[in-house]
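For clarity, chains are labelled A, B and C in written order, and residue numbers in each chain start from 1.
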Amino acid sequence: MKLIFEEGAKGRRAYKIPPCDVPQKALSAILGKNNLRADAPALPECSEVDVVRHFTNLSQLNFALDTGFYPLGSCTMKYNPKINEDLSRLAGFCEMHPLQSEEDSQGAMQLYYELERSLSAIFGMSRFTLLPAAGAHGELCGMMIIAAYHRSRKDYARKTIIVPDSSHGTNPASASIAGFTVKTIKSGPDGLLDLNALKEALGPDTAGMMLTNPSTLGLFEKDIMKAADMVHKAGGLLYYDGANSNAILCKTTPSLMGFDVVHTNLHKTFSTPHGGGGPGSGPVGVVEKLVPFLPSPLIAYKNGKYVFEKENKLSIGKMRSFFGNFGVLVKAYAYILANGAEGLDEVSTAAVANANYLCRRLSKAFTLPYGDNRCMHEFVLSGQEIKDKYGVSTLDMAKRLIEMGYHPPTIYFPLIVHEAIMIEPCETESVATLKEFVDAMLTVAKEAKECPEKLHAAPQNKPVTRLDETLAARTPVVKAQ
Amino acid sequence: MNYIPQTKEEQKELLCSVGIEDVRELFDCIPKKARLKALPDLKPAMTEPELIEYFGKLASKNRPAGLCPSFLGAGVYDHYVPAVIDHVLSRQEFYTAYTPYQPEISQGTLTAIFEYQTMICRLTGLDVSNAGLYDSAMAAAETMLMAAGATKRNKIYVAKSVNPELSKVLETYAQFKEIKIEYLPYGKDGKVKIRDFSDGACVIVQSPNFFGVIEDIEKVSAKAHEGKALSAVCADPLSLALLKTPGEAGADIAFGETQSLGLKMSFGGPYCGYMAVREALMRKMPGRIVGQTVDTEGRRAFVLTLQAREQHIRREKATSNICSNQALCALANTVYLSLLGPEGLCDAASQSAQKAAYLCDKLCKTGKFEKVFTGHFFREFAVRCKGASPAKLNSAARKAGFVGGYELKKSFPELSDCLLLAVTEKRTRAEIDEFAERMARV
Amino acid sequence: MSKVIDGLYYSKEHEWVKVEGNEALIGITDYAQDALGDLVYADCGTVGAAVSAGDAVAVLESVKAASDVYSPVSGTVTRINEELSDAPEKINADAFGNFLFAVELSDKSELDTLMDASAYEDFCKEEH
């Protein structure tokens, strides 16, 4: 495949704007002679057809949700409804300047307000900020809120955030960027939170704990309420990493479990597209006592009008320019309105049902180190036994699945499972897809024993075979010549 | 309406086949006290036509740019977005794809990001670009953290003339990392006043700055380097079609908002923050980076690389927690730059500059306005309103069917009688003339 | 099984220390290079830096991992192995033959807190 710089020809141009219709001056007079660059940037010179063909052909090198199944643990790759795309493209939304007057922006502000109220209801929180641009950004925002809370109480010693060893890598990174020290605690033998380890970790330096529930193993933390109680008694706050909330929609809420701060990934639970790596959105919700610390702006409804609230003096400030990824918010709100509460209740039911079906069918051919043959929305298998016996790694199996037309599951995470294979089917896959995937996984397990070389060499039928990642990192080439 | 393909019967059958009698037993693990007793209070579910009607009503309560020619900028600009872009972004293989961690089935996204990185390097004159950050304010915050880490200093100098959205975000991040921000005032020409930077991690200036004025990056960079501080520039990428590149002017880091390269204004986002650095900073740069390599057959291919910098490997030792790159927005930028090419991009930038200069002259000639700053400007400029107040002018503009400017008193109390106006290539002479006349009549 | 060499001191962070007069050469063990995988980048630290035992001095990166290398002893960094910045893979080929940095020892008694080859061998077995 050519790069766009290798397409086209000198002088080609894809689009033209009308000629300048105001009297013109020399650019050096307007911009200052010393400020000008010598040559125009070396950009592609292409016709419109060149450009459209190039990018359409590029797109066809991608695997995507609309072409196949992503059993991708921890990432909740559910179907992205098409109507949401259309609604976010309404001129009344996408052509709005963020600094137009409140008068001009009532519709956008109403949508913002209603989405905030809907998320608050779904997660049982008092209020939400819709600013964070991604899950990790939400985590950071939540950590800053926790830091600001302790600081407002002059409780300066609280500098430690506790995370379990099964946590997402972003958790410790986010806590650290917010100025905290991170204490990692070991999971118990059942893969769940170990209350003894927690007890030992708690102290006067505890600012809080970050937890996802169900955990990254796809297991519900049965002691969650005890843990919450312990953290609170120690003076800390409890943070809910909402990456796995597809499992609990309308069954429980973080607030009922005892959490104080929560982020949700709209690009996971609320169906907005991943876009090949963004834009996402990671709103953060808090309990009543933390509302004053939320970043600004927030929107209120007063005297029949939507208005921007004055920034609270305890607010952590601004997390992002303007109002966050508004275009993503439109899609998420459309999803919530399409489902309603009953629809969302069915979502978690179907997500957990599908995962359990796969879990039971696959735990015979692979090892299920935790979970007693059941799970929530996802589960983690181990390929260690297959690796030990036949020399086939989890990576090899993942690459073979690619050959068979699947996006592989999340692998080598969580870190507490050797040769981890983390599977999350979501609610939007049909019975036929699930059954075919089981067959594919069983075939891979069989092939690992019978023809391991086939797996080592996979994939053979995709645009490229396995890449030399060492070469890429050792002698980085990060732009075209 | 939901998007679950299976019927209740199918679900029951599926579960029965693996020995699960009742789907409800799967939720037994939730402690009784934590179970939700009633469904959350949400609006009743809507079907597709109902959604269209509901969202259509909301959208119609807004007053978008298409309906009223806009002279509002302040970081977000109403440039023309060619039709091709949305068609490419609507390719399901792009927008419904996951992060390209499996390179064998993600060459589309990876190649496009590699092209994006190349274009950002060529625009900025710097060595290495990442795959994009959330927005320019976030890119500023990441710049601050990177500079503090690289220089082991905890003070940064920031021009007061940067976009206030950006400085507010910097303040939020700085307070938790015990980084001190010192603001640099602006002079009568609108340019930053420089000083000794020998205790600074970096100097952050914006050019063209919030007032539209083009800064002297060479001077700032030289002074920064004299004090062993890094020089970072927030530069609008469209302006770089014409202006000296940050690399050429001696900056170590460039970042900015790519909204002006083919992204709709969308009430503030999603946009993409670009970031480019000199090679020496490559391994300290946050965010994803795509690199070139070969597959086992020796074919050129692309892959996420230098991942050892990132949070999923470094965990609490990572210098940034970012793990997405606004990929679809970066794709829009890449398509935009491919469509316009060097000539088209210079045309869009130059027409914006010409038309802004034209409006500025026109307003000043009425005698009711005067330029606030003497420095050269690009696309945007501040005027002092000698007659009616900026608020009155804006409300008159609104009545006349325009979107007026940015009232500078919102962020700069000392400029309470000043209005910031932006003009893009989309504005016609007729629109500009009418706007100027209306403003003069207030 | 990873290689271990007699006559060196070993730390729990899988660094080896070779004492020559008052100078200590410090590298990572064969076990550590194997755990990290193909190295792609080595930053061996700064000459002249004052370090205390346990301070991070060097950084090693492979495709899938990153690791700080700590100085098991206190003193001043006198030399770094500059060859490694262009060829980090040398560590994979011979972990004990390629030191990362050298420290002028300020407190020789710190060496007593480190392991000898056989103690380190046992330590690795436990880790696995």
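The definition used in the following text is that contacts are C-beta pairs under 8 Å (C-beta built on N, C-alpha and C of every residue); 3 or more make two chains touch, one makes a residue touch a chain.
Since the model is a prediction, treat every value here as computed from it, not as a measurement.
Trainee: Using the stated contact rule, I'd like to know whether A-B or A-C comes out ahead in C-beta pair count.
Mentor: A-B
Trainee: Going by C-alpha centres, which chain is most central here?
Mentor: A
Trainee: When the C-alpha atoms of chain B and chain C are each averaged to a single point, how far apart are the two points in Å?
Mentor: Taking the average C-alpha coordinate of chain B and of chain C, the gap between them is 43 Å.
Trainee: Using the average of all C-alpha atoms in each chain as its centre, how far is it in Å between chain A and chain B?
Mentor: Computed value for the inter-centroid distance: 20 Å.
Trainee: Would you mind pulling out the distance in Å between where the CA atoms of chain A average out and where those of chain C do?
Mentor: About 37 Å, centre to centre.
Trainee: What are the residues of chain C that contact at least two other chains?
Mentor: 40-41, 61-63
Trainee: Among the residues of chain A, which ones contact at least 2 other chains?
Mentor: Correct list: 469, 473.
Trainee: So which bits of chain B are touching at least two other chains?
Mentor: Residues 307-308, 313-314, 317 of chain B touch two or more partner chains.
Trainee: With touch defined as at the start, can you tell me which chain A residues reach chain C in the complex?
Mentor: 469-470, 473-474
Trainee: What part of chain B is in contact with chain C in the complex they form?
Mentor: 283, 307-309, 313-314, 317
Trainee: Can you name the residues of chain C that touch chain A in the complex?
Mentor: It is residues 38, 40-41, 61-63, 88-89 of chain C that touch chain A.
Trainee: Can you check the complex and tell me which residues of chain C touch chain B?
Mentor: 40-41, 43, 61-66, 68
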